[in-house]
Structure formats: structure tokens, C-alpha cells
């Protein structure tokens, strides 16, 4: 599991009084950063050498998130395929689950934009972050 | 169908050179505004009387969207249930489909936050925006 | 003058009930796009050949902007120097001025990032957009 | 001084390769949160009781900020008037100053939206955060 703490910003709320729905994908994106490091240990997070692309994203909104309290984002790898993987994420506040999401990410060559198999060495390192969503 | 034109902003691109993935849900949200008008014809888009909530959202990214060219958002109602509905949306650029999404929206009382049946009068008006995704 | 219409998004409001202050710079940035076209008529808004950089920005908030109503952004060139210029902008809603801002922009070579004189041919074209803020 | 660490998000970069200029006001807003706590010690950051409003904001961009490295935001109170104050902020990365800004904030009654004197008890607490920009 990867773990990230988010401090909500005033501008991330909306006039309905809670965190706007479109903000959750931004927090989840932020919490997936360690995956890029795992995928390219030597790249130093250089976005020009980014080799993971988002093919699909799903978010389920269980409860509205509040301003003024930290949000915990828990990130798991829930499936590893040949060249793609599923990343399952949870947003927690006040020790309650508020939103969940799944991102389907594809490994690709950053120059040709063609999909590439995920190397076995990376798959092994992914193991400790593995979890199936309940 | 509801139709919206979006002019991408520099700040909506990211260092990979295209529109950032987390921006598409913001454009789709914007293009769903007419639904609220349909749901509460007299509310004048007052967010304190907002009576639709997003329960789930899915986005499929087919091709990266570019800065410098208008994006067309097409919004369809693809399912109407008792108190919820599916809104299917497409983002087009250069006459090519770049991203699609589905939002599951629930009709609720804006004070009690309890789900409410969608009135028949509204269902009838929804008819002309109805379409099943291919 | 350059003229742009903005349709506020739900996610651009905040829990205080109006458009969040940090959104105005995003709208102003969007309304400055035609300046890049003026500066490099052949570049087709390619961000890799962007040759104007923001050195300083000031925003004055007179009245809070509302969701549900179009916002008009008026953009003027208020000063042209050797390699820099001031861009003065206004945000109007309901025919009332709500916010103003000034952006100091520097013309530079997009490869070396060194400042460059603004060509006389461009200065001449800027003339019709010229106006001093009152 | 108030101190905040920001972890840049991919979506906060733009196609020019660095953090987009319009993001800095969002980070500065986030770093001003402790001021609201100072102003209303009992309000628990409830946005409906928010009693500080932004009248004016200035940002100077010295160097473009990078993705992949933490940003430190330092927040000082640089002037306290009768009902308003200036908040001076700095964004640091790699121990170098990258951007500075000043926010003019007005103390007001959150119901009537009329300006209110800043109480002496609050002014005293502000003392330890006081600093004049160099």
C-alpha cells in the first residue's frame, strides 16, 4: 500500500459545502506518484520520461468529504496484467471511507507511445503493494 | 443531447504535453449543468437548491486531447431509473472521439439529502436527450 | 480589446457560495490566449514554442462572482515596453465590474529563455487592443 | 511565520514543463488557512463562519517551479491595519526562492459582509508571525 495525506484547500470545496467531486481524481492522481518511481527507479519523476498512461478511471462517491480535516489516501495495486495494471484507491476522513476509485494504467514506451510488457523485476516490487478491494 | 463547447486553457495541460486526465471530469461536470435546469425548472441554478448528486463516475481515455483547439462535449441520458439516472458523455476534438464517461446521478431532496423518485413530468422532458451509448 | 465569455463551473465555486478567488487568474490566463497568436502568428498555439512568460500578476476583487451566469472577460494591452508589456483585464457579470487584474508579460526566446525585444511589426498590431485602465 | 509543505501534482504542471502560474495562488490560499484559525479560534474552520476576505492579490514569479520536488510555503503577516492586513508569502524549492506574493485580507462580519476592526487580542497573537518582506 502507498499512503498519502491530503490537506483540503478552500478552492477545492464547492458551493454545496463539501469537496467538489472533480477534486477526488486530482488527489488520487497525486497519490499514484510513487508508482512512477516504482516503474522507472532511475527517472527522478521526469515527466518527459513518464511511461504509465491512464486508460480508464472509476470513482465511487460514498460520502461527501469536508474541508478542515486531513484526508488519507490509500493506494493498492489490485491487478497486474501483461502491460497494464489496476490501481485501487480509497479516500478516508475521520476514519471513515468516503470515496473509492480504480485506475487502469498502461505501461508504454514514452517515445513511441506503444504499450510495453511490465518487467518481471517491477512486478516483484509491486507485490508488497498488492491488495484486492473488498 | 446537450451540447457544449470547451476552449482548453494552458493550465489544463500538463507537462506530458496534453490535457491532464483529471480535467475531463471538470468539463463533463460543466456540460451536465442543463440537467439541473431540467430537474428544477424554477431554481435558477441556485446551488443551495441543487437536487442531483453524483454517486459514481467512469471515464475512458481513448486519445489525449490537445491545447489550441475547441473540444465538443455531447451529453446524453442513457438510463432513467426510479430515483437515479445514467448520463453518458463524449469529448470530441478534430471530429474524433477522444474520451467518454458515464455519471450515475441520484435525485434527492436538497435538505434531507434523501433520494427522491424522479417525477414523471421530468422523465418526459428527458426523452429528447435520451440515447444509448454505442 | 480581446473579448472572452466564461461559463462558470460548479467546481469553480467554493463553500462560501461564490467563485473561488484562485479561479480568476485561470480565466484571465485563458483570455490572454489571443496574445500568443499575435506574438507568433505562425505558431498555431503550440505550447512548445510559447514565447511569452508571466513575470507578475495582480488581481483586485471588487465583488464576488456568481455561478449560473456568464462572465465577460475584457483584455487590453495597457503598456508596451522594449521586451515586456502590461495586460489589463476585467471580469464583468450582470453588466457590473467584479474583478480586475494586470499581468506583466515578458517576450522571450522559447529555447534560451532569454528576453527578446518585441518586434515593431507586433507592436503595430497591438495598437488596436491598446487601452489605459481608468 | 506559518510553514506549509506542498507536494506538486502532475495536473499542476502545464505543457511548458513547469508548475502552471495559476497554481501558485492556490498553494498560497492553502498556506493561509492558519490565519482563519487565528482570527476565529472557536470556529473550527467552518467555511460558513469565514470572516476574512481577499481584497487584492499580487504574485511575482522569479523562477518556474518543478514537479517532483517539495515546495515550502512561508507565510508572514507584513502589515496590520484597522480592519485589514497584508499577508506576504514565499514559495521555495531546492532552497531557492521561486515566487512571492502579497494578499490584502479584510476582516468582516460573515453575515452582514461589512468590514470589522481586527480585535486587539488577535493583533497580539499575530505578532509572532510578523515580518516585513526584504
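Just so it is clear, A, B, C and D label the chains in written order, and each chain counts residues from 1 on its own.
We adopt the following convention: a contact is a pair of C-beta atoms (placed from the backbone, for glycine too) under 8 Å apart; a residue touches a chain by one contact, two chains touch by 3 or more.
All of these numbers come straight from a predicted model, not from anything done at the bench.
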Exercise. Looking at A-C, A-D or A-B, which pair matches B-C on over half of its contact pairs by residue number?
Worked result: A-D
For this session: Count the C-beta pairs in contact for C-D and for A-D, then report the pair with the higher count.
Result: C-D
Exercise. Roughly how many whole angstrom separate the Cα centroids of subunit B and subunit D?
Worked result: 34
For this session: Averaging only over C-alpha atoms, locate the centres of subunit C and subunit D and give their separation in whole Å.
Result: 23
For this session: Go ahead and note the Å separation of the Cα centroids belonging to subunit A and subunit D.
Result: 28
Seminar exercise, completed: Note: subunit D residues in touch with at least two other chains are 10-11, 13-17, 21-22, 26, 29, 47-48, 67
Seminar exercise, completed: Listed in rising order, subunit A residues that touch subunit C in their complex are 10-18, 20-23, 67
Exercise. Which bits of subunit D are touching subunit C when the two form their complex?
Worked result: 14-16, 21-22, 25-26, 29, 47-48, 50, 53-61
Exercise. Which residues of subunit A touch subunit D in their complex?
Worked result: 7, 9-11, 13, 17, 26, 29-30, 33, 44-48, 67-68
